[in-house]
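Chains: A, B, C, D, E and F, in written order; residue numbering restarts at 1 for each.
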């Protein structure tokens, strides 16, 4: 694929269509029914899935499908100024859009009157947390053995100095002109997460969208790799499973567009 | 009726026993089972009723009657300094006394184990909101087709410079010596709302009470008119129903003590 | 018992192993199923017990035993600076440790799927409230006629100027080097409340613990006396029951180590 | 909330008795229950009182804390009245009591505030900058009806002897807070068409409403609150007013 | 949340009709409902508007209050957008609506903010010290779908005629707040594979998702939000974008 | 909360095994689980650590923020310890965990505070005006028992290498925070009459109580907490104290 806009340069030296390094691991927690850990640039996010299950508190259920209930939470130490613990408006909105996007990923009709809890814990935040969380969450859902329509893959597109760039960093997000997180179901090509704020010219919108969708497909390869490592080879045992930092023996998946990914049908997991 | 105390004058030029202009409309909302909109002086209040129904959340019901659950809420823009959204102590108390007063209006024994929700939204406040809300709420209950013991009519009495005045304005309320909201069931003459704070001399109390009760009967006429407009002539269709501001075709009921109101039994509504 | 450390003196003139004056009354409230009032130094605490009962709100119960649910609350006027009403972290922790300690006192297995509510209201606080509350709470549980394994008796031990002292006062607590509340089941000798913070040398820990356990046994005598006054003589009628202040006719139990307490089996109460 | 036959019969009995002018505790319809009071019961408070009105018992603590004035009243102190309906005071308090607690606190507050027992200008320290905040906290320990009247009594008694805690805040010597005359709050329940003073919890439970009035020493009405889904005729309200005025004198006399 | 046979049949009917290019209220798929607007409806607000979009009705009040700037933007005012989904507006609002309310408020806020209709620098009073806080409060009175578009309309109209309330705060004479061009928000639901503009509550209920776009006068996209468990093909999103641009011109024209 | 036969049998098995001096994971009764630690895992924190103690895993982040001192300690920094029992860490965390979380945070805080590992006077910037606020936030990711000991370990490790972030606040160069020796927290569960160190969640579930002690380098006790409806004989508590002292040395040695 052609490298776009590399001549102008970005603050971290990436070309305009380059995604930050991503490391993604499935099945990293003991208790959660399914889990995934992602490092995406400096973002560090843990996702744990429980369900389908009956909730312990009484609450409205759906008679025709499972409720996917995502809770996005940021650790107090995840950002520069300590964040006060607890729910705020931003995390409430992100929880809602992630819940809705993930509802498309799971065959929710198969689990009526249940809840599937997807808990997202942002340990370190560096722009693009919702895309990283969504990417990891669908891997965690697959790790939980849920019957799925497909994984959801996500990546943000930004506008910096009038240029469309992929996966904006924190500086580019803060001082850029726009941010558009995109999440797709690669199995069908459908878009299930799309938000945007800032400014996109009439022609830029389509261009940004195309770039975002293409990036999601690259992310999808990493998701399949992570599940392959977890289930294909079984070399990562429950005890000695990969973790989120620099242990020598850790299975680290560095993004590599050239790699030929193993064929993997995530619909058939477990 | 004799005009009392007109010689001293009031800040807005009313005589002491004069009520501010009142406009009252029934059936102004599409979704609510019953609704009413009132403009009383500069007060603007919308009331919507749902019920009798089973509440969606689990909560204690009464096996012998319906619970009338009034929620009084002020819009943030309804007062001079922006009001923080959410429940406060004042609105909690008003919600309670309105709920209790309205319980007398509805034949609650006919709807055991249900809830009747009366939602009061104060869009603009200018003294006397609880009386205006109560007046509109009982019209909204009638509009919902609930079997009723009668409407509740309300009006406040104030003390300004030692004089008893009807329906004090905001200035009179802030700088006056007392405020006494009165609400009655005109069908039986019983008092169902009575609060007071300030100072009323031993003889003034009875005088103020008499004046308030008499004013409630005047308000009652307006309530019957509003229901007559809504149901008697059916000239206000569901789609082109009257609204709360100066549309040319709006049915506006200006208070007029001399008018001979149509005979109307609110007990027989629907 | 020898008076330890009396030569150094304490701010309030007590010897190191001397407990502040304690007055304890059982059955002081009309509505509560069981109640107790304690004055311990300047601490004034009321405890009321309800249960075993089904809670009015839906909540998780235990199929094998009753839940003992203690709520420790401080009145806004109980401390020097007015305390904001409502739950705080300190009261939440104290409520939890008191609940757990009292679970040992009651034969909870006899009341499955119920809740026993123990409400502690601290009217005046002066160091050592949790021990005083626990002492009174178990008397209130006995007063409620619950089948019990035994009373729980409690007293704190402190470290002041390197010396182990019993029942530290507020000054000693604020400026001392350590505080260790101890609560025991005198019937079995088991320790059911133990917290500590500050500094206790390797040998001091055991010494402090021994002293605390011994003090609990002294407190136990007072608890039995209070129940004897309430049930043994029936001289305190339901109407003219003892109260928490200086009425002339009040039955006041001043702590007295030498007194020969009446034999009393609290296990057999009611 | 369901009503079993026994409860219904018992309610009927209470009503019938009152219909004949009598009450279960042998009081006359216009009689208050025995009142036992004590002041200065809480050393940490700047004023405090304990009130036992029949089977109803509560403690009030008053505290003065330096505070900021409201911008529109720069030379007046601020006053806050709160109440805790502790779950230990009644089995019926095992649920959200916010609406009930708020109503009581606000009605009692209005009676105290408008009676002029405390002149808010006396609570000014430095106009526009610093005033005393007066916190009146009511703590209910046993609920057997009529919390309104007992609460006002508790506050009034806690105010007697209230002193500015100047020494605690490095502002010189403590000195007493000047006080006006005390207001009295009187509550009537309507049962079987009769107005009964100082209702018990049982009487409140069978009543057709409640009316509460706060009366100052000159006989002026300072606060009124009708509640409990009450419906009173005009004559009943006026009669309650007359009864409240005469009863206020009795209470005032007994506490002088 | 259970779906009875009647509801299922009704839903199918709505879908089938849209599949043939028609809607229950006889609109074309790309047509908005009748819009009735009125401004300056709330005297206490510094700007206000009432919007009736078909059966959806809401009031917006804008208020300016002196406030402190954020440390990282010392010369800019602050803006807060809130929404009340009053229980009177829909039987479905009889539960916690926090997530829905927050999403609408934030999406609408982003569209207004990024469109530049209000330059936050114009809201500066004294850099680093005092700025105007602009509070935009949306009050929903009747909910028949598409609260996003109606909310943006209400805010835009409440801003027209917004004046700095200098006199209220002793800062001289009131003067109008300079405004840029208005943004327009357009929402499409996907039903039976079709994109329909300005969906009713019933249409939202049977849809396979929702896409909301805010378009500025130059045709630039200022905010996008996909929701409602939506799944849209790339082509559908691009088509929504084209439709939004042309529809924005229609709305803008009708409100000029 | 109902206990099915399988759970009862399994509990009995765990108990019986411990009664014979063995544990399901083949540890001895006084042995801790394998401990894996890593520091500086969160770049945004001023100090951070990750701890894996058997199947329990948590991350601690320490942050320093300029703050105001308490009036009664004008020359000391302030410290706050918080914990998040994230629902992803255990199926049993799908409910209100406030009481549990508060207890852990407060007990761990007391141990750290009283051990003197951080002298609060070192956190003073300008006496009476500005001090450092030290925020210690524990984030539990996997719960397999003994959160007390793992939390203290996480905090201690996050403090090692903690630096004053002077540069972030325009106060000159960053410099390390002076540290004293580390405390160690040891928790024992009582099962079948035996004291077992570092219990798993399963062992906690069948235990007759829990006792937690924080020991400083001189062997002094700095915090104790008995919990879990525990009932311990005097001898058991004293034995726990002895075991804690010796175990603390082992842990301390392994982390030096």
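Convention: a contact is a pair of C-beta atoms (placed from the backbone, for glycine too) under 8 Å apart; a residue touches a chain by one contact, two chains touch by 3 or more.
If you're wondering where the values come from, they're calculated on a predicted model, not measured in any experiment.
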Query - Set of chains whose contacts include both chain C and chain B - result: D
Query - Number of steps on the shortest touching-chain route linking chain E and chain F - result: 2
**Report entry** From chain C, the most remote chain by mean C-alpha position
**Finding:** E
Query raised in the report: Where the centres are mean C-alpha positions, what is the separation of chain A from chain B, in Å?
Result: 53
Query raised in the report: Which whole number of Å gives the spacing of the CA centres of chain B and chain E?
Result: 32
Query raised in the report: Distance from the CA centroid of chain A to that of chain D, rounded to the nearest Å?
Result: 59
Report task. Between chain C and chain F, tell me the centre distance in angstrom, where each centre is the average of that chain's C-alpha atoms. Result -> 29
Requested in this report: Return the residues of chain A touching two or more other chains; collapse runs of consecutive numbers into ranges.
Outcome: 56, 58, 60
Query raised in the report: Mind pulling the chain F residues that touch 2 or more other chains?
Result: 95
Query raised in the report: Think of each chain as a node with edges to the chains it touches; is that a line, ring, star, complete or other?
Result: ring
Report summary line: When the ring is traversed from chain B toward chain D, the order is B, D, C, F, A, E
Query - Residue ranges of chain E touching chain B (in the complex, touch as defined) - result: 38, 41-45, 48, 50, 52, 55, 57, 59, 61-63, 65, 82, 84, 86-91, 94-95, 135, 137, 139, 141-144, 168
Query raised in the report: Okay, in this complex, where on chain D does chain B touch?
Result: 1-3, 95, 98-100, 102-103, 105-106, 110-111, 113-114, 211, 216, 219-234, 237-238, 241, 245
Query raised in the report: So in the complex, which bits of chain A are touching chain F?
Result: 29-32, 35, 42, 44, 46-50, 53, 55-57, 71, 73, 75-82, 85, 117, 119, 121, 123-125, 243-247
Query raised in the report: Given the complex with chain F, which residues does chain C contribute to the contact?
Result: 60-64, 89-90, 92-93, 95-97, 100-101, 103-104, 180, 185, 188-202, 205-206, 209-210, 213
